[in-house]
Amino acid sequence: MAGNLKVFRAYRSRMNKRIAEIEHLGIRRFFNLDTMAYKNGALDARTKELLGLVASCVLRCNDCIDYHIIQCIDAGWKDEELYDALNVALIVSGSIFVPHLRHAVETIDELRKERKKKQK
Amino acid sequence: MAGNLKVFRAYRSRMNKRIAEIEHLGIRRFFNLDTMAYKNGALDARTKELLGLVASCVLRCNDCIDYHIIQCIDAGWKDEELYDALNVALIVSGSIFVPHLRHAVETIDELRKERKKKQK
Amino acid sequence: MAGNLKVFRAYRSRMNKRIAEIEHLGIRRFFNLDTMAYKNGALDARTKELLGLVASCVLRCNDCIDYHIIQCIDAGWKDEELYDALNVALIVSGSIFVPHLRHAVETIDELRKERKKKQK
Amino acid sequence: MAGNLKVFRAYRSRMNKRIAEIEHLGIRRFFNLDTMAYKNGALDARTKELLGLVASCVLRCNDCIDYHIIQCIDAGWKDEELYDALNVALIVSGSIFVPHLRHAVETIDELRKERKKKQK
Amino acid sequence: MAGNLKVFRAYRSRMNKRIAEIEHLGIRRFFNLDTMAYKNGALDARTKELLGLVASCVLRCNDCIDYHIIQCIDAGWKDEELYDALNVALIVSGSIFVPHLRHAVETIDELRKERKKKQK
Amino acid sequence: MAGNLKVFRAYRSRMNKRIAEIEHLGIRRFFNLDTMAYKNGALDARTKELLGLVASCVLRCNDCIDYHIIQCIDAGWKDEELYDALNVALIVSGSIFVPHLRHAVETIDELRKERKKKQK
């Protein structure tokens, strides 16, 4: 049921390359703008990734949730902080978010396992 | 076009009281849980209000946007930081958010004016 | 903040007539199909109106909420039953529904007042 | 294309246990409130499950649809009644619901097969 | 109930100027990209405005609907063609779109009246 | 990650037959109305398929996107034109559409490969 993270990352990377080949100026610029939106600005990148995660949660997109969880963990957010953000998403968007909450928690767990393996 | 903030606050306050009179246990508990979700926890209240704002933006609810902008300004977020959060909402949810961006900016401006008046 | 019910009904009635003048076969059939969906069938009309109300709530459309509350009260649903349905909508769709919950409760109150006046 | 119901139930059960381990007070209370919302109240549990199904349909969440179909069939709703509820969801939310209608009908069929097996 | 088009245009113009003053690079670039998306490209501008209208319809944003109807009429689309596009939006997004269909038809009527006045 | 188009078409066809067996008048009429909405009218069928594609994109439904891409390619739209339509969807609905953009581009590529095979 849960997306295998390796499969997701390989697919995402492959298709982003494919989309880059299309050479549609509007699409390319949108991707650049998207990347730019999460860089340090008036808010730091770390906070923005958390905003991106909650936005993805309430709009109920598992791929976006996975992407922003990866970014959030890279940015140093701890599990308890991520759970607290997921709780805000849960109260805002209600039980329709619950299947995505399951997915999000599973992804956090998978990423933590990956990190432990690498540290050994 | 923009909601007058005074009217919104009066209406919100009046109807919340009316809803409290209904004495539906589930509804009352939901309101408590909603309040609790934005208190200091693993994340601080200040960050959570910003999460609430972005969630309200991408779900495109002007009343919720107004409420969270009020909370965010009370929590000390500066205009530039709010604009940066609104920009994340804009990139995530696209041009369909633009009318709500107009509303949000107008609300921020109204609140700053209110504050200036009070300081005099 | 709340729509005046008289204004809503007059506007709805006027514009439905205007749309009927357009004579677009697809649109006309859609309106017929919509009416038909709430008639007695395997489920009775009364239950279907409640389904229509909850669907309108979680999709957050105030005009649709008003329309179905009118229909639900005509169908004999009591306030406590409507509140219980609104509570299901609240738990499913979260706090983003709260502004619409305010609107729904206000509409129920307005309709009860109207009925009391007529009975005198 | 359709989720295997056994897989869904096992995953759902496993992840709900995992989420319970997290011990986030807000999340735990939300789950309790969610359970409570479908208990007998002013409306009976049976009607509320049907409301939950239609809400899940118009918000287009297959996992939620599956969960509420299971609950609805346990509550004694017949296929014709479920189809009539799905028709309300279809008219409210349009052809974008059609892929979820396919999923819902498949889940109903799977559950009926399961029940027949058990009765033998 | 319907937005007065003059009020909408004045508000939209005033707030777009206000947003331009903010000088947030991401927001400014997004507005440019948005304008660019409707220019002649592989598809002509005329077709793209119709796409923008239908997108605004199914996402149920009255301000966006008004904006794209103005653009569509400027691009030469006739009423019957717009109704046909609105019918696609209606079948895709269902009866939850009906209040926005009313709004759209009213806006088309208002714009036609404006044009007649100017021609005199 | 991408749906195999053969599997999707077989599933869609099988379940549409199954739904036809249900003999619910409302559901059957809805399917007819849906088919009718994309026939030549004030707008030609070709343009309407493109409208259907963009509507499916901004409502973020992969099955609907696949269906309308098939129809669009059958109607003679070229890849560059489809990309331009996808770009409108991207600007309207933002980065939350990106996973569906990946899916759409993959489906276009799969369909082109299928066509090349048939021509040999």
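For reference, chains read A, B, C, D, E and F in written order, and residue numbers begin at 1 within each chain.
The criterion applied here is as follows: contacts are C-beta pairs under 8 Å (C-beta built on N, C-alpha and C of every residue); 3 or more make two chains touch, one makes a residue touch a chain.
Remember, predicted model here, so these are calculated numbers, not experimental data.
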Study note, to complete from the structure: Neighbours of chain D that also touch chain A are B, C, E, F
Check your understanding: Which chains, if any, touch chain A and chain F both?
Key -> B, C, D, E
Exercise for review: Average the CA atoms of each chain to get its centre, and name the chain whose centre is farthest from that of chain D.
Suggested key: E
Point to revise | Proportion of interface numbers common to chain B and chain C (over half same, under half different) | key: different
Point to revise | Which of A-C and B-D has more C-beta pairs touching across its chains | key: A-C
**Study point:** Cα-centroid distance, chain C relative to chain D, in whole angstrom
**Key:** 24
Review point. In angstrom, rounded to a whole number, how far apart do the mean CA points of chain C and chain E lie?
Key: 27
Revision key, fill the gap. Rounded to the nearest Å, the gap between Cα centres of chain A and chain E is 32
Practice item. Give the residues of chain D that touch two or more other chains, as numbers and ranges in rising order. Key: 26, 30, 33-34, 37, 41, 55-56, 58-59, 83-84, 87, 90-93, 95-96
Review point. Which of line, ring, star, complete and other names the graph you get from chains that touch?
Key: complete
Practice item. Spell out the part of chain F that touches chain B in their complex, as residue ranges. Key: 58, 90-97
Practice item. Write out the stretch or stretches of chain C touching chain F in their complex. Key: 25-26, 29-30, 33, 36-37, 41
Study note, to complete from the structure: Within their complex, chain D touches chain C through residues 33-34, 37-38, 41-43, 47-48, 50-52, 54-59, 78, 80-81, 83-85, 87-93
Point to revise | chain E-facing residues of chain C, complex | key: 3, 7-8, 11-12, 15-16, 18-19, 22, 24, 26-27, 30, 34, 55-56, 59, 61, 63-64
Point to revise | chain D-facing residues of chain A, complex | key: 1-2, 60, 83-84, 86-87, 90-91, 95-96, 98-99, 101-102, 105-106, 109
